Each structure stands twice: as structure tokens, then as C-alpha cells.
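Provided herewith is a single structure, encoded as C-alpha cells, for subsequent inquiry.
In this document, chain identifiers A, B, C, D, E and F correspond to the written order of the chains, with residue numbering beginning at 1 in each.
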């Protein structure tokens, strides 16, 4: 099995796509997972202008790059979240509007429906993204949570996302939630509950990213095995724990990369993620989509890191066996 | 050094104080850390009725119990928090009022000033409590935090609590923040910043409780050593981690005690806290106040647990050496 | 919840029951789990002589001891095993007969039916025992196993034990297989398969003994949680690993207690078993039967060990909570 | 020291030797360890036809490949084992005959003598293989073992293999037992006893394979150091443990590669074996024979794996120092 | 086996023996290991005055205390050491004399011979002590050691101690070197070499103290097993490691008990020593002498610690089994 | 940031510089850290002959090699040490003279001043070296240390090295003490005290070498972070621990490379050092000097090891990020 290796462009949105594509082609990537911000992929434009998506595709093809998925995390986040100033800084003025929370959530939902339409135009079948969460802020139960309210949060998520997924399914595109703290699903329990709430529908699944599991002490391979058929896409991203008794695993309200944090994101292969087991698990469930590097490492030059990460994935990814063990062994002529 | 062992009454607020005092005396406790809820200690009443506090003291003395501190966590929490329904369920109607957040915060601040006054009447010099936090809900930086806003949160805390501490100092009482997730200070970094913000004043310090450090992978003894002089009171409470690759250290939005959580509170001596090192550290800083058992264990009968916890503390607490090492060794006659 | 603590008498079969009962009563045990060998409990005699069982019960009662279960491991082992000389040395001449394997297996099956009848006469509702295994000897797949043969082994077990369990159910007695290497079920996978094979019937369940899980690196609490309703009885027994790079976890074909083994049985509390988690798990599933000490420690005087083990269980076993967590906390008056 | 790297052909017996040799030469192997099954190396034919061995050698040389050892595990296994259907499926009809156990064992012993003769014809001085074991099935002592019978098992091994080794020594060939579960020697203790039983003779030694040690928690380097002079050959093979509390180290009677096993074989460098320490130990004892990759990984395409394994060995194997430490350091001119 | 528990009096030399004996008797000790300093046991006086030893014995007996060994560490240290000011502060003026190193060593050797004579008078058969070391100061080989000089150090030790041991053997007393950093033997390798150098003579053996092994990462039980017959006496003393990445295992030239050290001595049961395994190993070698508590804990009041340590030993020490495992199990009537 | 990779020539002093330079250039090194012994760099000659240094520089340049530092460990060691035969074997006859300790120390101090002068002539600004230590031999406090004497040792160091550093500063050269056992500074505590003693002067700092920290259980990255500005130079050297319960972390007075040691030096990347964290820490403090491989591995051929080590450093060293984390992420167009 030879899986394409792509780069998620979200952390490179300061570069025009033309320039980034040139660099990635030079490093040897097979393709890009386009972020729906910067100038990389403009959902609104794609819906407005029927030639836009084809133009982006052509740009990539000029560099010999493919595209199997796009990522629209920022808008998706606003669909279920309590809205505050942080959302304003990452949303377009059109979606933010007057900032009234329910209005923002509604416009974000519309934009996610458009994302499905734009993806179809671009010819990709997977959109990666976030859902937001009505209950994330109740993570630690103090003042004591009303746990019925937590359960209602899963329902709210299902109600807000159901109509969006209807559009996805109509367009033949699948939404892959990146399981992640701050989202409706971030671990085993919450993923089970979120999937239960929205139902087992073909248009809703998971983007698996191990970097969000490592600092939670969750096992990536076990997760992949449990949710196998629902894993629509995979990120390659790493994280590392620094637990010396003085740094909290909760992060200390410190920015990523600041000394004193109990964990941080690092370039793939430089952290604690067990990619060997992850690849074996992806092989077991028959995943054949891209391995998409989401490159974040506040301590490393990204120009050094991106090709280093690509080389790491090339030597770590391998094809599963197609014959049973010892089928050849143990036959006396 | 013989330190009194007390029970914090907050988890026993369903029992009238008279009944609880009888049981605790029977188990052999030296005293109680009275919670400012249930009928245990009513701050408003103490301020209103000049005989109330003496009555409570007399009740305890009838059972041979002392009192060195009271705890008012619930009201303190409302001083800096964004206010939501969860606060309503733990505040008195007087403090909740119409629920307007700024109004709630103001009335809570007044009530904390009254707590200092009531403590003085009762003859105790330490009030344990929570501060709330303007920034706790921004724990995970997504959507990306404006980190200046985090810094402003420490300032807001200082502004809201400064006037309260003025009253404490005027009454000769000290406020001991229980360093705890959801509070302005919950680890090393945030404690340093909170203390910096409010300044080094005699009326503001720490109630150290190791159960909130264990699941953050923080070392209790190192904390005690660093913040030595600021530690005004100590809780004895334990917690345990269940990290099997499927349970998140973040808790999965599950109630304490539900299977599937990555950590939980347990009766002292039944979890992961290294009390030996904690006692040695308390000895080193010369702490001579109470060791106050805050008993929470969702899997154990509290009637079994409380005397078990007391016995545990009695055999774990020891006095420091008063002579230099080997002072006696190595003298040939 | 107050669970009785009993001693399994199998390792004390050199002592007459009268004498053993006296000692156990002196040490403070609540009762005995009688072994069906030595003079402790004679199944054949109980079936033959309608007064025998009552006599044994009376003997125990004279010492103030109860009896909630009996154990007949040795005969059960012969029901499914390939038969060899080792069985001869632990079976009665009547059951061994001429030693023809199928004949031995058949007579052992009859004797297990009698065990149910005898248990009913004694007034106990649980029989602990082994099943033997048609496939244990194929543990390591070399020469390569035919794995269909393994699956047929579970069927053979079900066929041999089905009729025995019919008698158990008719007598109102339950058979509790001690999950254990050499038996049809010894870990999670094999327990699932064995239960699947015999079906979910009221007369067949599990005697949980953590000492057989520790050296397999299996988690006792997780097992109890998974198989909750099927756990009919529990042993308290400990084991310890000695993994220094020179001692195999497989045991080196060395006798228990010989230096050089990678693991060994030890007196409860002297080994690696996490009894705290085991008790919590038993509490969660609502187990209220005996905690039966099976005392084996080749390096300790059993007269020293038995009361030490009893004291260990008394201080380790505790009742679960009957109220929800924090039900009392967090109520402002 | 530059050691040749070979591939053991046993797991590739479905491919004709001509084809396999071509692939291996292309990958860059130095030679092959020929399996005595498939069409790779036919012992009976070599004894019958005096030109056969030279023909095999010529085939290898056409591809630029050497051969320093051959492997005949399957026949050797039958020399000491209790015989069952599993042996039938891996033995030739000539050796199996009517399947009478003692007859099978005798014919297997003859075939091993022929293996020595065939090896001499091929010009190799080492035969790798298994011995079988009269006592492996008594691994767990229940029903309780008669440990005298275990000791007699080592004697039986010595009696059965002594005459075979006579032929080896007469032919100038050495037999290297692959220390392995199911064999007379599988850990430190059993290797000591097996060597004691057969005596310190030049024709009997060890093929060291670390993959069989890892899941037993045995240290490879310590073993190599202890048995130094007796190590005639070395396999490069890896294994990995998956101990999550639900998977038994004993394997659960599951096929290699099935999810749920506590350990599994994997391609070299993808598992837990500490090859660095193994190479240092081989250097210390002066081992200069081949490093022979026995490639088994049920989760990896073997065409991907074999060259990956070769590259791993090339970068892991290094020559020892020929000068004393710091001989150059510390000389002031 | 019931072993006496004694207290080594070296760390209590500031108290007159009469007073210390009274306290120890009150705490329940079985006896004392008298230090040859303070007023506890005066070797010179015992040699001079034939009634002195009997007087000390009588004093102990008045308190119901026994004595099985005496300890003379300080003088023994001077026999092989390079002599410096540190020795002056722990030696009597008679032994120090003019401080000329060879003279000091000679007088110390004479004093150790007298110690044997005094022990005989007191009726004890074991003297605990140190040997000093000609090579300890060459612990880290920089500037590079001449390793021949290290070997000569063992010879020098043997030459200096041989004549002393002659006197011990003549008196029927055994010298037990406390294996310890700064002595000729402090780990496995050096103990083997020291014993090789002095030869296997009945008068020279080991006082085993696990606190000196823990910070070296040495396994106490393995040591006891290897040197079994040479272990003449055992200390019960504990130590703890504090390895947080900032504290060196070498100790940082800090006094015991100072914060920042990587390890420290603590009261038995409060540190890292695995006493369970130590007791089992002592049982295996048949050691029946005293368990002598050497109490040192710079962070604990010794009056609290001594009875705590005694209680710890009483509940940790147990008798070995006198019957073979499962001798009683597995006998069908 | 692209840092030069150099080889420290001290362990290659048996080779003429011309030959060594040729090999290193062939392997791809950027330069050499010249040892001041062998024929590599002769301090006395450089002071004597004004053209010598330029000649050495020219030799290097012919091979395309740079030089940023020289190392003079052996002479520096003699400045503060108690002097014994070991120093004689590593010092020149001129410095040793009659061997009178104070004389040796004085001549060594003069030679270190000359080293600064010679370095200036060569055009390098850093000299690596040792200081020796007046107190190293008092590492373990028995006989009990007078800790005032330890403190005086730091003063003595400062007094002996102050005048040397005066010359360094006058020459515009910095002395970088290799923090190392046997030196005045070998861990966090001693480094703090040594720097306090000599004062914060520009001419005295640290050569950081992680191989000396690993066996002390010290964290390299934490050290670099604490002493950031004082780190003038960095060695790349590795070490490995072998702690199997029988090998002491103290080394057993065994030569490096002898079996039985608890730790040993190994080629970079073959041991326990966490170079990833070390590089990140060096990036954080802005260190831009050479990464100088000090190659010592008693079990590896140095010709194999040196290029292996260089390749390891090339793939491990990376440049830090020059933009803030997520600066590009999170901008909706």
C-alpha cells in the first residue's frame, strides 16, 4: 500500500499557495491538504466563482501535487462554541458580522455547508475540521457541573451539525472531525458519545491526529482499532511531554513553546508519539488515504522541519502483509 | 512537633454540626475545619448575631474539638469567575440575587469580607477558599488565546481580591487560596503569577492540597519548598491516576467516580500522593498548623473512610529532627 | 458491606479439619472454603451418607465458622485434560481407575456432578474448581498450531461441561471456574471464548484470583469490570515478579519457590497485586460474597502468614459509598 | 570486523531458490542461510546425489551470495517431542511414516545426522535447528509436576542428541540449537541444564535469537556474555510487547499477528530488542559469523521489510575497538 | 525463626548507656549493638579492666536487653585509609598520636585486635566495622588511574587486616565489614576482590546494610544470595533517592539531610529499600542473627523514629517455610 | 543556525595532526578542537615561537578545516588537585619538575596562562579545560567531612584560578571549564558554588558535556537553561547506564569499558543522552558555537565511530524557529 504524504497548509498561510506549492514539490511531497484560509483555498470564492476550484487544482498540478482533502478548522469551531473575542480574530468579517453568538454560529454553519460544496468542486471527498463544543468550558467540574447539561451538549452538537452533514452527504463529501481538546470529541469517551449523538452516518467521521492524544495519555493504536471505519483521514503530528514535577500537564496557561509547559507540539519523530504502532493500526483497518503532516514546532525552523518530517514519514510508513504469517514457513518439501 | 488533625466539614454538610462533631470526636479527631455552608458555620449569621460564633465554638468544645480554620470555597469562587448556572446552584439566594454577573461578583466579594469578620469572631486566623478565575476557561489555547488577556486576568484577580484582603488584614485573619484547577492559581507558574499580581502581603497565601497536584504531574514537596512561607494551611487529600491508554487525564467530562476517568479523588493513603515527602517538606518549612483531612472518595463509605484516613495521618505525620545529622556519631571517647 | 473472610483449606490438607478449624477460629477467620480432599470435605462420602455434610457443617459451627463455598480443583482438572501421570498422583484410585484417558475424564465428570449434589447437602451455593483444557499444551504455536483445533477445544470444553452444569443448576449450585493457566480460560480472550462456548447460563461463572493475572501482566480490576455478573467468588492470593533479565516470566520449568523463577506466589500483601483496585472493582460490580484467602508462599511459615494475610484483608477491604459524590458538598444554606 | 549479513530462507520457502537468491542479491545481502525445506536445500537429495550440494552452492555464487549455515528446525523438533498432528503437517512423509511416535523420533534423528553430512557437502560448518523437548508441555506445574521427571527430560535430550552430535563432529560440522520456547533450552536456566546434560562438546552449541528472549524479559547481552564460547550463530529478529492489561504475555492461544496477543514478532528495528547491546556483547565474545536475518512480521509486506531489515543491520553492526580506552588520551607530549 | 531486633548505639553516643538502655527497653528492643565510642563500650578499658565487660553486660541485663555484636567503625576506618584531618576528629588521642599516617594505621590495627579481645570478654562473637581503603579516593579514574595500583590496594588491605583477623580467630570472634562506600568493598565487584584478597577465612565476613546499596542501584537480595555464607550480621537502615534531574546521585558535596542531595538516609520503611526481598534472601541463606537497626534520618525526631523503626521491623520480618510448597495441596484422599 | 561540527583531538593524540586532519576532512568535519598534547598543539612552543600557531592554522586550512577552540584538560587538572603519581603520568617533565605538590600546581597555573596566550596567537577565543579540585576526594562524607573545609575549597579554587583568568581576559580568550566529576564543578550545586566563588567574570564559563551528566541522573536541558549565558562551548559525547542490580553507578573501581561497570562512555547516539532536548536548549539560549564531538567508546572501532558520530550530529542538530508559533495559523482571509 502506498499512501500519499501531504502537507497541511494551515501553518503556512503567510505564504501564497504558488510559493508554498513550489517548495513542497521541491521537498518531494505528494500533495497538499489545503487550508481554507490565507490565499490557499477560499470557500466563498469557490462557491461564487465556478472556475476558482479548478484553478487551484491546476496550480497544484503544475507542481505535480495532488489534493485529497481540505481543512476548515476555524469556521467549524464557531458552529457549537460559546462565542468570544478569540473567535473574532480567526473568522472573516462576513461570518463574524455583529458578533451576536447565535448569529455567528448560524453563519459559520452556512459556511461549513459551503465548504462541502467547494470541496466537491475541487474534487476532494474529505473536509477536515473542528466542530466547536457547547461544553468544553465545563471540563473541570467546579462549580459542580450539572451532568445532564453535559449530555445536552452532545445533543446540541448533533442538532447543529446534522443539517451540515446533510449537505456533505448530498455533495458526496465526508466531514472528518479532528478529535482534539476544545472539540465535542477529544478522547475515547467523548468520541463515543459524539458519534452516538449524531448517528452512524456516512458523512461524519474522524480525522485522527496523534499529537492530541499523547498529552492525554491516550493510546493512538487502540483508538484507531476501536473507531476503524470512522477514520476518514490522518494527520502526522507529534507532541512531547516535559513532566519534571514543576510543569503541569494542563499547560499553565502558557503559549505553545514557552518554557514551563508540561507538553508541547514538535516536528514528527521528535516527540513521544508511537508512529510505528499508529501505522500498524492504520494498516489493520485498511486506511489508504493520505498521511498529512500538520507541521507545528515552536522550537524548529519550519524550512528545516518540513523536509525532515517528510523523510520521517517515508521511512516510517510501510505496507501491511498480504499473506498469513508463516504461510511459507513450516512446509517440509 | 505535634500538629492537630482536623476534618474539613464541607463534604458532610448534610449532617448537622452537632451530629458530625460527635462522630469526629468519637473517631479521635483533634478538631474541625468548618465549612461555611450547611448549618456548620453561617457567615451572615455570625456577622448579624454577635453570640453566634461563640455558640459554635462552645459546641465544638463540648466535644473536645478545636477549630483553627474555616473554609468558604463556594462564595470565593464567584468573586472572579464568569458567572453561569453552576454558580447559582451553590450560592445563597442573597448572593445570587438577579444573577447579573457583575452583581454576583460584587456580592460574593462582600461576603468574603464578612467571612474574615466572622472568622475573627470565631477566633480562627485562617480562612480557606477559592478565588475563581477570569481565565480558567481559556485553559487550552484554541481558538488561539490573546496571551495579553491572560496576563490581564491576573491583574483582574488582584483588583478584585485586594480590597477583600484589606479586610482580612484588618481583622488579623489570613486568606489561604486552595491552589486548584479552576482557580487563578493551580500550578507552579500560575501561583507565581498570582502572588506577583497581588503582592507579598501577609493576608494572602496558600492552602496546600496535594490531590490537585498529582493528576497534573506536579511534585508536592517541591511546591512546598518553593512557596514555604506562603503556605498557611494544608489539606490531606489523595488522588489516583488510571492511565490505561483509554482514559484521558483531562477527565472526559465525566463525574468524579464514574468509570473511564483518567484520575479520581480517593481517601488519603489509597492513591498516588507521596505524603512522606509532603510531611518532610512541611517539616522543613516549619509548618505547624493543622493537617486537615478533606475526605472525598466516591467509591468508599465515608463512615469507613474517615477514621481510616485519621489513622493514616497519625502514622504518617512525624516530627523533624532537632539535632544535626550524626551529631552523636563519630565521637571517639 | 461486610464481606466474610475465609481460608481455602487446600494447602492445609495435611491437617485434620478439626484442628485447622480451631486454628482459623483463633486467628479470627469468618469461615472456611473447604477443599474436597484431605479429610476436609469428602464428596463421595457426602453423596453416600446423608448425615456427613451436616456433620461437617456442625464441626465448623462449633468453631463459629461459616462456609459459603467448597473447592474441587483436582477432579475438575481431569474433565478436559489430556491425561498423564500427573493426574494419577492427584486423583483418587476410584476416579483414576485403569488410567484410560477417556475413562478418567468420564469418571471425573461424574465426580463433579456429585460435587454439586454434595455442595447442596452442605448448604453452599458455589463450587470453585478447574475445568482442565484440551488445548493448554498448544500454548506456544510451534510446531505451528492448526488454529481450528484451538477453536474445537472450546467446543469440547462446552460439550464436556454442559451436562455437569445441568446438574449444578438442578441442585441450585453454581460452578465458578478459577481462571488460571492450564485451564480453558486463563486471560481475557480465553475467558470470552469459554463463556461464548458454554453459553450464558446461571450455573457457570468465574472464581477470580488475581495471583494468576499478575504474571501475565493482566489488570485485575479491568477483568472484574468486564466480566462483572459472571464473577461468583473471589480468592485473595498474591504473586510477585522477579524480572532481572536472567529469570524468565515463563518459569524455567522450576518448582514454585526455587530461586531463578521469574515470578512466584506470595502471601497477600507481599507481592505485586493491586488489591486496592481489585476491591474497588468488586464494590462496583456489587460482589458481596466471601474474600477467600488461598494461602501459598513457599518462603514463609504458614502459621505466621495466615493471620498476617487475614489482617491484611481486614484493613484492605472496605465498603463502597452509598451516596453520590459531593452530594453533600456544594450546598450553600 | 565485518560480519556478513544473510537472510534465513525459511519464511520464503514458497519462492524457488533461484528467484529468492536474485531478490536477495538485488537487496544487497551477503548470503543466505538456507532452509532445509521448500526447494531451498534438500538434505535427502544431497545425501543421495553427490552433485546436488555443489549445484546449490553454484546457484548462490551466480548471484554473488555466500552461505555459512543451513537451518533444519522442523525435523530437529521431532527428535525429542511428544509427537502429534502438528508434526505431521511439517514433516516429510518419509519421516512421518506411520506416525508412531518413537518411529518418528528415530527417523527424525537419522535425518538430522544426514543434515550434518549434507552440510559438509555444501561446505558449511554450522547447522541451525531445534531439538524438541520431552518436557515443554509441563511448563506450568499443574497438575503438580514431578520435578524428577523434568530432570529426566534433560537426560533424554542428551541421550537422543548425543549420537547425532557424534555424526556432526565426525563431519566437522557444529549444531547450533536456537534457544526458543518449545525447545529443551529456552532461557538461562534451561540452557545451563541442557548444556550440562549433553556435556561441553565442540559439536553442540547455540544459535542466539533475541526475539525469543524479549517476551520472556530476558537480557540478550547478559546471555551472550554468559554462554560466549557456545554461541555458534546469531539471528537478527525482533519482537514487541503489547502489555495494556488486557493482553496476556502468554499469547492467549492466538495466532501470531492477531490483535489481542501480548507480544508479537516484528521486523528488526521495529520492536523492543536492544540490538546495540547485543552487538556489543557479540563483539566482546569475538563472534565473527553471520548476522542472519530471520524475517517474520505478520503486519508488514515482506518485500518492504527485507531490505529495510538489511539496512537496519548495516547501520547497527559495528566493529569493536582494537585499542585500549584512552590509550591515546592523556599523554602530555 | 525469631530473630532479635537490636539498635546500633553509634548515633546515640551523646546519651549515657544507662539512659539509652532504659529507653530501648521501653520501646521493646531485644538488645543493643554497642558502639565502641561514647561511654557505650570502651575497648581499651575492657582490655585493661577484666571486670569492665561483665559490668556492661550486667547493665544491659538489668534492662532485659541482650547483646550479640559490637561496632567499631571509626578505628577500623584508619587501618587502610590515607590519613587526614577527618580521622583526627574521630579517633582517640591515643590512636591519633602524632598523626603520622603509618603510625596512626598501626595503632588503629592494634586497637582492632584489642576489639576482638574485648568482644570475647563481653561474650559477643561478631564485631562490625570498617576497613578503610587505600584506593577509595581513586573512585573516578581521572587523572587516569594506573589500574595495577587498584589491584595492589586489595593486597594492601589483605596485608594490613590479615594479622588482625588472626587475633579475631584466636579469640573466636568474627569481623564483619560493613560493605559501604569509602571501604575496600562497597559493591559486588569490590566485595569479590576483597574476599579473594584476604582469602576464605572464618574470621572475616560481611555486615550487610541495604542503605548503602540503594543509591548505587544494587540489588540487596541478589547480594545476600551471592555472598550468603559470608554474611555475619545485618543492619536495617533505609535510604531514598531524590532524582529530579537537578540533584546528583553523587551527593554534590552536601551534608546528609541538606536539600539538593540526590539521595539520603531515612528511617527504615520510609525509603526505597525493598526489605521484603531482603528478609526473604536472609531466610534463604539461613541467617539467624540480629536485625540491627542503624537509625539515621536527618529529617525525623529520633525519639519518634526509633520505636517506629522497631515496629516496622517486627511486622516485616517473618519466618521461612519449613515445608515444601504444595506439600499439602494436591492430595486426593 | 548552522553550527560547525568539530572533533576534539585528545583521544587521537597518537596520530600526527597532519594525518588526523586528512581523515577528518575526508569524513566531512568542519574543523578540529585541538588538544594541547601529542603533536596537535604545543602551548610552550606557541609561546616560544611566534610562527608556530600560524603554522598549525595553515595546516588545518590546507585540509579545509576550521578551529574555534583548543582543549588543555591535563594541565588544568593540576592547578587545584592534591597531586599524586597519576598527575606525573599526564604532565610534561617541565611542569612536573620535582613533583612537590605546590610547585606542580604553580607551574600548571603558569602553563594555563600560557595557554591563553597561545590560543590568542592561534586566533581562537575559547580554551576548554579542567580546573582540578581541592575537595573532590571528600566526595563521600566519611570519615565525616568538616563542611567548612568544602566551602574553603571553592575559595581556594577561586584564588588559584583568578590570576589565570586575568590573563585570559587580557588576551581576549575565555576559559570553559568542562563540568565533570573530579572537577570543582560537576553538577548543579557545585557549578553554582564555583561560579559564585570566582564571580561573574567574562573570562570564566562552562564547556557543557552531557556524558558527565547522564550517569549522575542530571538533566542536560535544565542545566543549559539555568546556566545559559555561561555556556561557552559544547561537547557531543554520550554515555550509557547498565543498572542490572549488580553493577554500581559508582563504577566499581573498574576501567572504562570493563564489564561490570554501571555506566560507560559510548559513541554519540548509542547511549542514554537526550540530544534532542540538548539541541533545543542550546537553541533557546542562542548558542552558536561548535558542536564538538569528543569521541570515546571502548567497545567501538574509532574509525567506524567518528563518521557515524558526525552523521548523527548532522541529523540531530537543527535551527530554531524564527517566527512565533502559529503566527501563520489562524488567519481567516
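In this section, a contact is a pair of C-beta atoms (placed from the backbone, for glycine too) under 8 Å apart; a residue touches a chain by one contact, two chains touch by 3 or more.
In this text, all values refer to a predicted model and were calculated from it rather than measured experimentally.
The angle of the rotation carrying subunit C onto subunit E, fitted on C-alpha atoms and rounded to the nearest 5, is 120°.
Most remote from subunit D, judged by the distance between CA-atom centroids, is B. Comparing the residue numbers each copy contributes, subunit A and subunit B share more than half of them at their mutual interface.
Farthest from subunit A, judged by the mean position of CA atoms in each chain, is E. Of the two chain pairs shown, A-E and E-F, the one joined by more C-beta contacts is E-F. As a whole-number value, the distance joining the C-alpha centres of subunit A and subunit C reads 49 Å. Averaged C-alpha coordinates give centres for subunit B and subunit D that are 63 Å from one another.
Separating the centre of subunit A from that of subunit D, both taken as means of CA atoms, is a distance of 46 Å. Subunit B has residues 74, 89-90, 143-144, 219, 222, 244-245, 255-256, 326, 329-330 in contact with two or more other chains. Across the complex, subunit D is touched by residues 1, 219, 222, 225, 276, 280, 283-284, 318-333 of subunit A.
By the touch criterion stated above, subunit A contacts subunit B in their complex at residues 74, 77, 81, 85-87, 89-90, 135-147, 149-150, 180-182, 186-190, 215-219, 222, 243, 245-256, 260, 262. Residue ranges of subunit F in contact with subunit C, taken from their complex: 244-245.
Taken in their complex, subunit C has these residues touching subunit E: 10-15, 37-39, 42, 74-75, 89-92, 95, 244, 255-257, 259, 270, 296-302, 304-305, 308.
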